[in-house]
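Here come two complexes built around subunit A, the first alongside subunit B, the second alongside subunit C.
Right, the complex of A and B next:
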């Protein structure tokens, strides 16, 4: 309560507030000139000293990408991206293998501190291993020893390519094929770096794994690639959070995340996305085109996506689950907030293939200012998916008369034993609720904050604790200036 | 030349010589020419088209069509005390029709006559309710419509008895090398404070193959009350492409009932544009799919102004290999505050080969609104089945009863008692063969 009241500050001042995470770190970078062709793909691969199979993989993806067209079906509106005007590689120069924090460029450390990720402190207090990606090259991975004692592999994917080529070969693009969609193909061709996680059979990962991403170079697309494999009976919770410096040029972010859950394994993937959303006139901001998909490969597997999307000028993102094994479970919990000129087209796909599969979709959309927020989802029950069960709920909250909330669910059922419910509602914050809270002494701002947090509660409670706190703060900050 | 272009050409080749309604009216001729040009550009829709992704028209496109040459004339129609307008293969049949007894201020006539009479001002109304993005069949309809009914209600006119329209399709001559095709275009134009009920029946000789492409444009003036029923019982090998497009002025109250019982492939576009404050639209639909039937219902409600309400209720019962597609789109424009929009789509799958695809959509640009949609796909509740079993009703009868109860939710929304009874009998007859005493 008191926390809520404390946040009640002068509105006008808050609306004009600068993006808190907006600063550019001045580090000399090794950056390729803008443009994309086969040579660029070869250079990227060579720079990373990749084995032959990776180069072939990238080239295959690049050739497919050249034949593809940008998807246009999403309910978003933006100037066409010139893919030849983007630089596809950028790495902090001189990167010897580091053993302790002292060896890290102090400027980098400073950046992390501004972001609130002091590595040492997190090591001590939060018990969270942090694999920080600074632009395109992973600089530092902590806690590797603790994890390796448990047999968990958690490293930049660029290292995994060398150290665990068999695993990478086996699983890379096994869930999201290179030709899956335009942005996935692009990512496969030029991906810079990302995380690789492997949880061996029967292991419950001793800590929550977390990565902070950060875009830093001007005009540099960020192409993350994440691959998580959970062997039989294992469990892992993975956190992903993003912030980005303020700038005017639109930046493209096309990540791919693949999850593979074997028999009785469980993967929980949580995201708090706070890329730069652009200013109040829609200038600047990140274009976020992300492909995320999990495969419940064998019986009893479970994959759960939780996302809080408050940033980016454009969000195009559909974390999906393919329920291939019998008795598998897929979940999707989402809060998406659009303010000012932000646009989000996000949702999920649940593909039921195995018997007795179940999926849950809870999506909460909040639109304020001129924001346009769309839920787009697919629930597909295939012929063999006996006794499949799905529950979907998509609620939208509108704040202001110039924003929009849209729902585009697709439901395809080919099995008569399926049970499926979808419901969606759209409304504004009720005057009755506001009045009730305000006559109890809350300011309008605090009352709205409380109602919005209540609206999102079903999703927030799925987040790991630290994330839940961060997410609530993020919503409050993002909605400042939206009421009144 | 690409295959698609080939096909478009072959569709254009099928029509020369067919008698068109209202020939000679220059505005209509130019509307037809424009529609043809549009069709040449867009062709027939395919599954790559978002609005047709679940409806494969391969069976429809694989056939050749031409307007029916020899229409059947010996129809035995049930007695009726309502005014009745009959079209056979898309052409008005005066002998079978009975337009006597139409109330004062109401005019009920063939499209030809209405085009010729400038008092009806069809020139400005023709096509005015169609959405900006038409599909190829709408364009073909404008280009080739052979006939249709026009119902005009003057200000304050009330038609107490329902007006019935029969679209009859005769069996194609087995020696003919092409199936029959007909395009009909109909209008209900209701001036302020008028009231009427229209029952459209679409029927065909059993087992005959034909394509009926029909559009009904409804223009409801201030405070007009219109009930529109479409009872589609086409032959189980026929193709039915239908459109009901509605424009509503202030406080106009329109109800549409779309009962899709027949046809092999049936597509219905129902669209209402609420452009006067206080307007209300109710859309009800029932799909009763059997065999290899494919029924595709696309509905759209546009809330363009504040204080309008819409209520949509579609259900489908799917047996055998049948498939139902539902798309329900609700658009609330930026200034359409105080909108209340509801939509429900429930699907009951009775067999392993049946499929239901549903796409309820909300697009909302205003904030002070209450909108909701719900969709379900499921089977009969095992607990209810068990309950009936435990009361001594065998499983087959219990399933039939529960299925009937599911469909009955839509039937109960039918306001006209005679139509409601007829539908009850029809559905009950199909489900509860010989078990009527259970009702």
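Right, the complex of A and C next:
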């Protein structure tokens, strides 16, 4: 308690001072004015009442970030971001509840309908008051009870820094060092919130963490931070995101996700990303720069990433696995769709360190309109990684002739026993396929949908069942107007 | 049922059909023969509504309706089926899933509800047995990795499932071994009925031993130049097409 009081006093001191940039701010205000400097980092930490170690962590990250440069190697094109023109703290706002779905934008409801989102969930997503039975708070409580009975810790990371500081201290940035890359450093300095998951030894998490997540607070801010730890012999499946379209006033999103799998543990991380992609001209869409990495820390661990990326104006994202232990397994299954003016540069890195490690990469890129879709992947076999195996398959599907697909597969092999296979294809939805299906009675849209879903099948089957169905519908909705 | 009058059609701007006439009534089976490149597949594709196949003159009526403006899926909904000369592969889409979507699309077009899953499974089991198709092929992706003969058999399976009113079979017999030919013919004959009509495009008299046609037509250079009964096919087999061309020249 005294610590908190002290902190608040420090904070008051701090904000009374004038900013170097020459503005003053009010401790009570919900949003900081644009700009980033050490004081802003201090305020963020203080606002969250963070323990000292977190402030130090953030400051260290900030100092590194200042010395770094924005990466420019990706195959994406966007106006230069002015990082001093962004506000780095904004308290979560409670939006006033609507009384019924009648008050919701009919266009949004139409999309929910097309995606097949159940009525009660539509209400939650659209911020409409729900019946007591479906109240997210009560459902959340039930979930919490089930999880804690199993010994699983699942909470916002902002709470975990208080309740489990030792775990956070031990694992935060143990997989993605603060200096890893420009956006990771930025995220470490200013991250807003995210999830913390800890699965104890031998525990199989009793539910898909998606179920929980979907009704949970989705507004974790533009700098999301997630940390998942699976102890020896444990298993967890985590699903992030939502097929429903998500809008945000913040254009820049830079998340960091770290996964740690101990001996024989398995982590399955699935993402459905449908951030606002901007209009037909790409105006107003989200820039999504994400660092995701998993560490198979000890023998027999397994990490798989599955992602369905349909949103954002720009996606820059390479979920990776470091195969440190012997006999570890890394997997990456991805569908990335770009339509209109969307650009995606996404792929994975598989770093083989242990013996008998194996990795699988299945990447499906779909481009329509003027969309630009790049696969960028690295398979690295280090000296000690005897008998490492990798299978990579990168397929691109083009719709129309104004879009583009590019693949940049990099391979670095330092051990001669490695066994690598790479396949790549580029195809178009052919007129023959369309005519064939239409001749059998399918409408043109249904035919396109069937061909696209067939193309993505190997990825969709990795998703939790109910999400696979939604992901298919999401592709249909995202591709509307792509043909004809 | 199908009435084609003075049909002129171009394939991507190349004129192929040049004044073709064909009348097919319910219950009839017509065979169309003719040299390579004479326009047989073009005719089948024009009737089925393939994009890029443009009618420049003449009419196509099906069950009394002008179908020229309908797209391929509407024509399918009206009961037109085309067994492709070159069946198309659809990776990642199982044969079963495709058939299910097709059946339900047709039912929807006709204002009927979806077929219950159990009924569908029963039906596909029955029809697969009819064309002696292995269960394993039903689960595989549509035509992917199928042998030539399996692809043709798959076309007949689809036809048997979709129960069209007008079936156009484009060289379904090509590339079949003798046993497969019998099986495919069995599938086709099972579908013959007073309400249905069939148009078979073929190069071989042999098929017509198994599926006996009511009429045989010879298509040459975009027109039907001779029509007759089954004996015409036998005559063609013996004398080849040049015989007809000579006959035509003499007439003119």
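Just so it is clear, the second predicted complex is superposed on the first by the 384 of 484 C-alpha atoms of A that agree within 3 Å, B and C clash if a C-alpha of one lies under 4 Å from a C-alpha of the other, contacts with A are read in each partner's own complex, and residues count from 1 in each chain.
The criterion applied here is as follows: contacts are C-beta pairs under 8 Å (C-beta built on N, C-alpha and C of every residue); 3 or more make two chains touch, one makes a residue touch a chain.
Because the structure is a prediction, the values reported are computed rather than measured.
Undergrad: Check whether A:432 is in contact with subunit B, with subunit C, with both or with neither, and answer first, second, both or neither.
TA: second
Undergrad: Under the stated touch criterion, which partner chain does A:396 make contact with: subunit B (first), subunit C (second), both, or neither?
TA: The first partner, subunit B, only.
Undergrad: If we overlay the two complexes on their shared chain A, which of subunit B and subunit C does A:457 touch? Say first, second, both or neither.
TA: Second partner only, subunit C.
Undergrad: Answer with first, second, both or neither: which of subunit B and subunit C does A:416 touch in the superposed model?
TA: first
Undergrad: In the overlaid three-chain picture, which partner chain does A:207 touch, first (subunit B) or second (subunit C), both, or neither?
TA: neither
Undergrad: Tell me which partner A:440 touches in the superposition: subunit B (first), subunit C (second), both or neither.
TA: second
Undergrad: Write out the stretch or stretches of subunit B touching subunit A in their complex.
TA: 50, 54, 334-335, 337, 347, 349-352, 354-379
Undergrad: Under the touch definition given earlier, write down the residues of subunit A that touch subunit B in their complex.
TA: 73, 75, 381, 383, 396, 398-428
Undergrad: Which residues of subunit A touch subunit C once you look at their complex with the stated criterion?
TA: Listed in rising order, the residues of subunit A that touch subunit C are 430-444, 446-447, 450-451, 453-458.
Undergrad: Inside the complex, what are the residues of subunit C that reach subunit A?
TA: 48-52, 71-73, 75-77, 81-82, 84, 87-93, 97-98, 101-103, 105-106, 109, 141, 158, 162
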